[in-house]
Amino acid sequence: MYVVIAILLFSFYGFYLGKKKSANLVSNKVSELHSTPIYHGYYIFLWCFVPSLIVLISWQVLDNYLIKSLVLNLVPGFETLDKGNINFVFEKIKTMATQETIDPFFYDEQLIPASKKYNWLTKISNITLFTVILSFLAIVLVYVKNKIQAEFTARVYVEKFIKTILFMCSVVAIFTTLGIVLSLLLESLRFFQSVSIFDFLFGTHWSPQIAIREDQVGSSGAFGSVPVLAGTLLITLIAMTVSVPVGLFSAIYLSDYAPRKVRTIMKPLLEILAGIPTVVYGFFAALTIGPFLRKFGESMGLDIVSESALAAGLVMGIMIIPFISSLSDDVINAVPQELKDGSYALGATKSETMVRVILPAALPGIIGSILLAVSRAIGETMIVVMAAGMSARLTANPFEAVTTVTVQIVTLLVGDQEFDNPKTLAAFALGLQLFLLTLFLNLFALKIVQKYREKYE
Amino acid sequence: MTDTGIVNISSFNKLKKSKNIKIKAIIKNLSVFYSDKCAVDNVSMNINAREVTAMIGPSGCGKSTFIRCLNRMNDVIENCTVKGSILIDGYDIYHPKIDEVKLRSQIGMVFQKPNPFPKSIYDNVAYGPRLHGIATKKNDLDNIVEESLTKAGLFKEVKDRLNDTAIGLSGGQQQRLCIARTISISPSIILMDEPCSALDPIATAVIEELIENLKKSYTILIVTHNMQQAARVSEKTAFFHLGKLIEFGDTKTIFTNPREKQTLGYITGRYG
Amino acid sequence: MSSTINQDIASSISSARINKEKRFQIYGVAALLFAMIMLVTLFITIFSKGLSAFIQTKVNLDIELTQEVIDPEGSRDLNVLKQANYQKLIDDSLKLYALNLFDKDEKELIKNLRMILSPIAYLELRNLVIDNQDFIGKTKKVSFIASDDIDQYFKGKIDMSIPEDDRKITDIQEKFLDDLQSKGQINKVFNKTLFTKSDSREAELSGVLGAVIGSFYSLLIAGLLSIPIGIGAAIYLQEFAKKNRITDFIEININNLAAVPSIVFGLLGLAIFLNMFLMPRSAPLVGGMVLALMTLPKIIIPARAAILAVPESIKQGALALGASHMQSIMHHVLPLAMPAILTGIIIGLAQALGETAPLLMIGMIAFIPDTPLYITDPATALPVQIFMWADNPERAFVERTSAAIIILLFFLIAMNSIAIYLRQKFERKW
């Protein structure tokens, strides 16, 4: 705490110093300076603040590890403890050291030397940290102060620093992707150590639940992902059959036929459809559409289960309508007016122009948007978790219940914390499958859309 | 100053404005390339102090690119390379140690389309002085704003609405505001890139009159595609064609008795 | 002559073509109509089911607060008051009311009648007595929260025509309640519990407060992380990045991340934040971090467009005055792009607010009856609460789920309205 205050004090003093000194150098005729005084201030401030902050944070992390290992060595029977217990014992030691408790839950005679050592080590560490940072700050102030001259390009340095920060911001995207790939890949590799990748990719039987009882014969469960994937594709297909025609025709109607008034009302309404959280759609599917379809099926003599693929697919389709319609709208509007005029001039009707001229011209863009929508449908979770089934069935019948990749990930991971069990690891393998599938779709679609845009821009 | 006319740049901080300098800028073998395309081809010329030098030529001849070299605005454009040298008051402005940002505070520029900041009239003019710390007190700043606006011939028109947005001004007023903004930080050279091309004839006349006044204290380079304008306002004229400097000399000579056939062709309107 | 030309024109557009044209238009109208019908159905479903949850049934009973039961020695000691048998007082009161209605076995009867109040009825009474100690020894009318089934009964949502064994309300309860109602001892009030309590196993005692706070913390973290990083990245990519491989790679990454399924971000959070960095499970801190990563591309993409939309001439004007590239951006470009950037931010965060799947992955799906205080406390979030309640088969929870959805939609609509307002107010044509 004192360290933080010291750093702040020094940094602000540095700021003041830089500003003052540079202004004094030219006796307040600022235009004689290369950089205005405030940049000289920032320069010293950054030199004080950033390195000491880095030292402070890395110190805290290292110091935690170091103290923990040193202290735990004093605990009798330390080698026999497992990971969870180690953390608990360490928490005990910390509480004993810091709060003189006699609460039997925290207090343990055996841990007294360890807690004393903990106290001693933290004290030493704090003092050292304080000295290190303070001397660093002092050196910086003396050294950097001398750099302040009329010709000194403080602004250039400060801006370089900001630019580096901005660059780091944009690199976060790379690290996110890297994090996704690494986490999925590593856990999946662990999964493939117990289940062969061939079985996972081509197996037609999925029943991971068996794996819970590890001591039993056949405990490995069955991890053939084909039925799960098939279920995903079935629901996606249903969703697309609903959303593509509806979305596309809405876009066509709104961009070329609808009166201005209708357009200004309908577009925001469609946007509302896009803004509704998926969990709400899921609730809607499970509560209204599912039972409705079952009853409707009964009256038609069809056997439709409540959690049918149809119900989930239909609602997912509704969710995707605005996605397709707004993307297609952009694409259709990007078709140059000259092309349309050419067609009208030849006496074509609106629909003929649309079908023969605009749509062919916009086709790559529309296909791109549909692919993006497919990727979204495949990755959609809440609707299927709430409205589709759990059991993996290999069927093309939309009236039956099927399961999807996302449903399985959720069922496998929610509430389960054991990480060494193929059941949880299977979720990551499914996640990897999902990620790769959507990645290819996205990259492909983005490429098509980009090419299309370049063509007309 | 050494024999070559190059001054040690470590002392560069502010360009001189002393009255006895005759030659403000020396341009030697200047070439500019966009990627591989040559936009300015081996141009050399001297610019006199406190005179108006006009650059004329058909569009795409490199005259805009040329004057943008003088305040290194081309540095902003990717893939743009500049060869040759430009000395201003003896400083080699393309020397790696010259900070182009500092340089631009010494060389003002007025653009083709008036580009006032979407702020108040006052803030438009006060931006430069604030940025460079020229005026820190409100009083000084007020004085600079008033003085600059007066010099730009705009003060009388806007003195009651200094806090209104500059976007509300007419095109001619906006351009004069941009000129006021430029002179607020007392540059040593003012570059004007077709400053009247977006204005009506009356506003143009006002600006031309303004240029006439400004040249008493500033060195002005003006790019124009309007030959009458060049003839009216400038002492020296440079005729550019396809990136090359075809002819450079006194305006009178260029317009009455040009040396080159191409120049004659252009000023008599045979092409352009 | 002229008449023949007219005929020519008239016949040139054949009726088949006209029909085709009309059909095409009908398809468009039908498509829009379908979308709108679904939207309306969805809203009607949610509101018809959920609005009643904002009303709560209260049962008012005259309770004799006898001194002997509450505080036999008259010490008014807080511990004595706390440990008194308030359930007995309630039972006595119920007995009194039931006396002239039934002639049944008393124990069975009381057990049956107790069910009309929430399981914390005795706590309600206890708190009342502790707060108003002068009530002791008097008979007071006390208002209790009715149990969820009774609440549903008075809202007319329980079908009393089916056999007694199949429904939640027994004949005895029905008779008793109808008697109470005729005496004017049942009333309906605004449901404060819904807003002031967190999750509970009992529908009538559950509220969304904990979930709303969990959502708020998560969104706060997500905003604090994604807004500066997003704007920073947008500035860098739009203004400073040179066209090279790294820049291209970053761009592909961002565009792709915008389309990665949200559940994958949850897996990332689980594997990296929880298992690698050992961060607390179920915490809004981690939830916020995951949402931030998810929101980031959704902020960067519109922010870049907003920066691009600021005319180059303004930047050039600043540069020509001797501003550095950075200064021209910070002084001019960014302030001008800010309204559009903000719109993007709000829309991105609104999406994050409605996001459920990634939060499930990092364990924000747990029964948490406490209201979270810190960002590291276990918590849930509003959409996750909806998911959990939706899983609950009890009727009263269906009502609560819909009510929670209404509350969530309210927040979303509020956020989006701000975005639309900003967009319209500061819309600039250059």
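Going in written order, the chains are labelled A, B and C, and every chain counts its residues from 1.
We take it that a contact is a pair of C-beta atoms (placed from the backbone, for glycine too) under 8 Å apart; a residue touches a chain by one contact, two chains touch by 3 or more.
Computed from a predicted model, the values in this text were never measured in an experiment.
Counting C-beta pairs in contact, the chain pair with the highest total is A-C. With every chain reduced to the mean of its CA atoms, the largest distance from subunit B is reached by C.
Separation between the centroids of subunit B and subunit C, computed from CA atoms only, is 60 Å. Between subunit A and subunit C the centroid-to-centroid distance comes to 21 Å (mean Cα coordinates, whole Å). The distance from the centre of subunit A to the centre of subunit B, each centre being the mean of the chain's C-alpha atoms, comes to 51 Å. For subunit B, residues that reach two or more other chains under the stated contact definition are 101-102, 131-132.
Residue positions of subunit C with contacts to 2 or more other chains are 324-325.
Along subunit A, residues 155-156 each make contact with two or more other chains.
Across the complex, subunit C meets subunit B through its residues 242-243, 311, 313-314, 316-325, 327, 331-332, 336, 428.
Subunit A contributes residues 30-34, 36-37, 150-151, 153, 155-156 to its touches with subunit B in the complex. Across the complex, subunit B meets subunit A through its residues 10, 13-14, 99, 101-102, 131-134, 136.
Here subunit A touches subunit C in the complex through residues 155-156, 159, 162-163, 165-174, 176-177, 179-180, 182-184, 186-187, 245-250, 252-254, 257-258, 266, 269-270, 272-273, 275-284, 286-288, 318, 321-322, 325, 347, 349-352, 354-355, 372, 375-376, 378-382, 385-386, 406, 409-410, 413-415, 417, 419, 427-428, 431, 434-435, 438-439, 442-443, 445-446, going by the rule given at the top. Touching subunit C in their complex are the following residues of subunit B: 71, 73, 76, 78, 101-106, 108-109, 111, 113, 115-118, 127-128, 131-132, 178, 181-182, 185.
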